[in-house]
Amino acid sequence: MINNPVPWPNGAKCAACVTFDMDADSLVHISHPKESHRKAATTSMLQYGPEIAIPRIVETYRRLGIKQTFYIPAWCVERYPDAVETILKGGHEIGHHGYIHEHPNELPPEEEAHWLDVGIDIMKRATGKAPRGWRAPLYNMSDVSCDLLVERGFVYDASLMGDDQPYMLDTAKGSLVELPTHWGLDDWPQFVQSEDLGYFGNIMSPAMGFEPYIQEFNAIKKYGGLWVAVVHPFATGRLARWDVVATFLEQALAPGDVWFAPMEEIAAHVQKVTASGEYSPRRVAMPAYKAPIFDSAVGKYR
Amino acid sequence: MINNPVPWPNGAKCAACVTFDMDADSLVHISHPKESHRKAATTSMLQYGPEIAIPRIVETYRRLGIKQTFYIPAWCVERYPDAVETILKGGHEIGHHGYIHEHPNELPPEEEAHWLDVGIDIMKRATGKAPRGWRAPLYNMSDVSCDLLVERGFVYDASLMGDDQPYMLDTAKGSLVELPTHWGLDDWPQFVQSEDLGYFGNIMSPAMGFEPYIQEFNAIKKYGGLWVAVVHPFATGRLARWDVVATFLEQALAPGDVWFAPMEEIAAHVQKVTASGEYSPRRVAMPAYKAPIFDSAVGKYR
Amino acid sequence: MINNPVPWPNGAKCAACVTFDMDADSLVHISHPKESHRKAATTSMLQYGPEIAIPRIVETYRRLGIKQTFYIPAWCVERYPDAVETILKGGHEIGHHGYIHEHPNELPPEEEAHWLDVGIDIMKRATGKAPRGWRAPLYNMSDVSCDLLVERGFVYDASLMGDDQPYMLDTAKGSLVELPTHWGLDDWPQFVQSEDLGYFGNIMSPAMGFEPYIQEFNAIKKYGGLWVAVVHPFATGRLARWDVVATFLEQALAPGDVWFAPMEEIAAHVQKVTASGEYSPRRVAMPAYKAPIFDSAVGKYR
Amino acid sequence: MINNPVPWPNGAKCAACVTFDMDADSLVHISHPKESHRKAATTSMLQYGPEIAIPRIVETYRRLGIKQTFYIPAWCVERYPDAVETILKGGHEIGHHGYIHEHPNELPPEEEAHWLDVGIDIMKRATGKAPRGWRAPLYNMSDVSCDLLVERGFVYDASLMGDDQPYMLDTAKGSLVELPTHWGLDDWPQFVQSEDLGYFGNIMSPAMGFEPYIQEFNAIKKYGGLWVAVVHPFATGRLARWDVVATFLEQALAPGDVWFAPMEEIAAHVQKVTASGEYSPRRVAMPAYKAPIFDSAVGKYR
């Protein structure tokens, strides 16, 4: 089912990381720039993430003895220093997630680069080092994102959905490790509803909403890929839902045959086994398209 | 999982309140001001709340021997006096829920204040006393709501989503107890569909739609917070659904280890243990933001 | 749970009717008046109703020995005479469902009356008698619908959602029996998705999608009301779904304690027990509102 | 439940085909002609289809020893030659699915014909023969599609939803075999969510999302029709979901009483038993409507 599976450390059946997109109330400021201060309930719903869920999540991981990855918009890094400190004290990785959850592929390249750099500076000051990995807000990587990331020394990206295991993104100036996920491992379709955020859908029970994650984990473990869960502290970090996740994690860790690790360690492992010749990853040239395939000048597809 | 849990009366494992937002047909008048009289079926669907569901719900609570809280727009208080009388005879609390379900954060502050005052007057006449608590229609608290509530002597708010247990909202002029809930405990994502109300989504079976409430209750009871279910009589009060809820309530009450109480009693308890020094609640300054963080004059985030 | 329950014939625990809104492709013509002929797949999906599902449904009822009610837009009565004949041969009731699924509450009263009359004429020619009952397309009864129905001698309406059992709609000129249902007993939220019809949502499995109907039936039977399922032949009449329904019907009929009957017989029963004084139904004056409660001239609610 | 069932080869209880609409990133180019190159994540999500899912799917079928049908837009045939070659080496049928997933019923007839012909040429070059079957992108068959298909020698269409088994589409110039499916057998309502593709909804777990397919299969097998699953490699071909499908297929094949075959073989069988007089299929004249039934010149329905 998986061709050319990555050899994981110590013979682990698969690699796994729960990644936390701690967007907090950046979402309401970016979508309502003139009225965000009037959205008190949505703000409180989102602030539950850094204020209530983050300490809970980090404590669970302390108990379980594993470290994971948190993607945090730089504006949130500055706005919620306690949450950042809690995460860092827990030994977790913090990755780049934009400045204020702006969508890179809706910005001109120079603006995308600007916010990327602003974010790097803020993260350096807050964490003591430059971020190694990036996840585009709402996965919205642009056609120039990989170039920008490579130029700035990023090691990996976590925005794409092109495989069940790591692969390489090649640009003219260098490569990134891609650590992919997909919408079936995101918690918005399970747990979020918000008129202010323009998002509707049913809300699943905690157990039913986490069931897709479990089935995906079981398949990845069966066949040997990478399980990257994308959860939002304000949503999956709520009490009843996190209780389900914590119970799952205990059970998933018990056999000791899955490698739970921060994304940067997974990326480093892929680089290592590639460099040693032990493994030859799938390689994809980026961007997939440098221009629209529809040539509007002549009204034809290229 | 919950830091600094509130000490509940008599060693109860948690506090719980099913809150009923009895909006009735205010929803169709506010969303279709010129054509609401033409929406006969939607009106009948919504009038099921005060006319059929309210007597049923109050009777269930009479049998179970507990009292809860009903949030009712003032226009509905005047329009449905029988429902109000039934609720009052049952000994339940009636809280403020706007005049006609207008959204506070879409109004200028003086209009918000106006409708708040109109509602207080109507509620005083109908219930004999000023309301102690408020839930913003659709949770849409504004940046000035807390100030307005404090100035008018409200004790608590029930519009926010920032914690799993009560916390304090501090303003320059005084504080409110916040009794939070969240969208995972609201019945619209489970049971409502209405083109007239601009709301779509699947409709869950009665048992499946109430399952999130049960799982949330079990988690709250396990860890010691506050379970605030938000249900609408026109939706969850329908026969098959209420039958599920009534059965759940019987089972939840049986062990005698959960404190079901009206919201005002829960707020009063929090005030009492805080005043006595037995408990030190989490405090949040309100509003979170007094202006947009995006400064459109200079095109920058503050 | 149900106050003042209707006494059903022969001590039946409740009354029940599966009503079929056989809209066929009227839906695509009314929503795409200029391009409906170009929607071949949606048309085929909808024509499955009269061409495939109707014979199947009628055959099931022949085997089970019960009769139910079909609401059919008059345009469909003329367009699909074989389906109409099959239904009539099965002894079922055909009720009025508009001319071509136009929404009454979006029409001026004289247009609503016009199409109502056109429909009555077509139904008289096709069925040999005037329709006794009406369901507004998409339940969209207007403020004048009850007056128009009473003037034309209709016995009952099946468009409203105001109770769990029959009640009376009183107008200045006379009364109608209301046989109510609600969105939780409609199959669109379970089984329909169509871009051409502007309707999205998940599609449930046949068993899961019919589960709400079963739970509602069990509650109605437990407490003694009226179960009015609203299903569309093109949706619930599909093979796997109808197989679930047919199995349910067999089981529901087995104990012999539920009165499955056409809507007109249920309405006649309510009239009979009311006339005899055996029963005093709830009465609602219609319309609920003769004008908007918001007076836009003065910007105030009445 | 099924009138006049098709006699299947070797006494099979029913016929079955999983059809794969391999749209790949055609969807993003057609819906965002000026910005498709900027949608890197959605592109990667869609490219998962040809690059990861197709080899997996073909390998599963090799193991199971059956052949099925893939509908591929011609642009994708040219863009993903490896996927096409993998499919052809597996012995599967490739059907016509438009040029770049344009909707036929939104195009003037001459444009529809143009892209149909462009697609035939590309498919001839890539597969060595003209396509025998067609599925309209998004099922959007127009009023002229059948005429165009008949003129070009197509044997069957797979875009309609008018029955549970094959039927004939008759035009003035000849006939097509229709091999119908319906939205309850499509995987978008179960597994897809994409802002870039304008599609929302909850995402079901792999097992729950495939459950409708299984229930439909069981009903078709019980009553003897044709089960046409419509799945998209980028969605159902993902690891955990395909694992569910592969397990189902093993179990469905085990008794040996279902005829799994490519669509062209099913169409050929229907032609054969019809020609021999063994079977008389249902016949439908196409198009159902040659013009809108609403005559806007006089404002009346015809």
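For clarity, chains are labelled A, B, C and D in written order, and residue numbers in each chain start from 1.
Quick note on the criterion: a residue touches a chain if its C-beta (ideal position, glycine included) is under 8 Å from a C-beta of that chain, and two chains touch if they have at least 3 such contacts.
Not measured: the values here are computed from a predicted model.
*Asks:* Sort the other chains by how far their Cα centres are from that of subunit C and give me the top one.
*Replies:* A
*Asks:* Provide the C-alpha centroid distance between subunit B and subunit D, rounded to the nearest whole angstrom.
*Replies:* Centres of subunit B and subunit D (C-alpha means) sit 49 Å apart.
*Asks:* Can you work out the whole-Å distance between the CA centroids of subunit B and subunit C?
*Replies:* A distance of 34 Å separates the two centres.
*Asks:* Find every residue in subunit A that makes contact with two or more other chains and list them.
*Replies:* Within subunit A, residues 200-202, 204, 208 contact more than one other chain.
*Asks:* Viewed as a graph of touching chains, is the assembly arranged as a line, ring, star, complete set, or other?
*Replies:* Basically the chains close up into a ring.
*Asks:* Using the touch rule from the top of the page, what pairs of chains touch, sorted by label?
*Replies:* Contacting pairs: A-B, A-D, B-C, C-D.
*Asks:* Over in the complex, which subunit B residues touch subunit C? Could you list them?
*Replies:* Residue positions touching the partner: 25, 29, 32-41, 43-45, 47-48, 51-52, 55-56, 75, 99-100, 191-195, 200-208, 238-244.
*Asks:* Over in the complex, which subunit B residues touch subunit A? Could you list them?
*Replies:* 1-3, 105-106, 136, 138-143, 145-146, 159-164, 180, 182-184, 186, 189-190, 199-202, 204, 208, 211-212, 214-216, 218-220, 222-223, 225, 286-294, 296, 301
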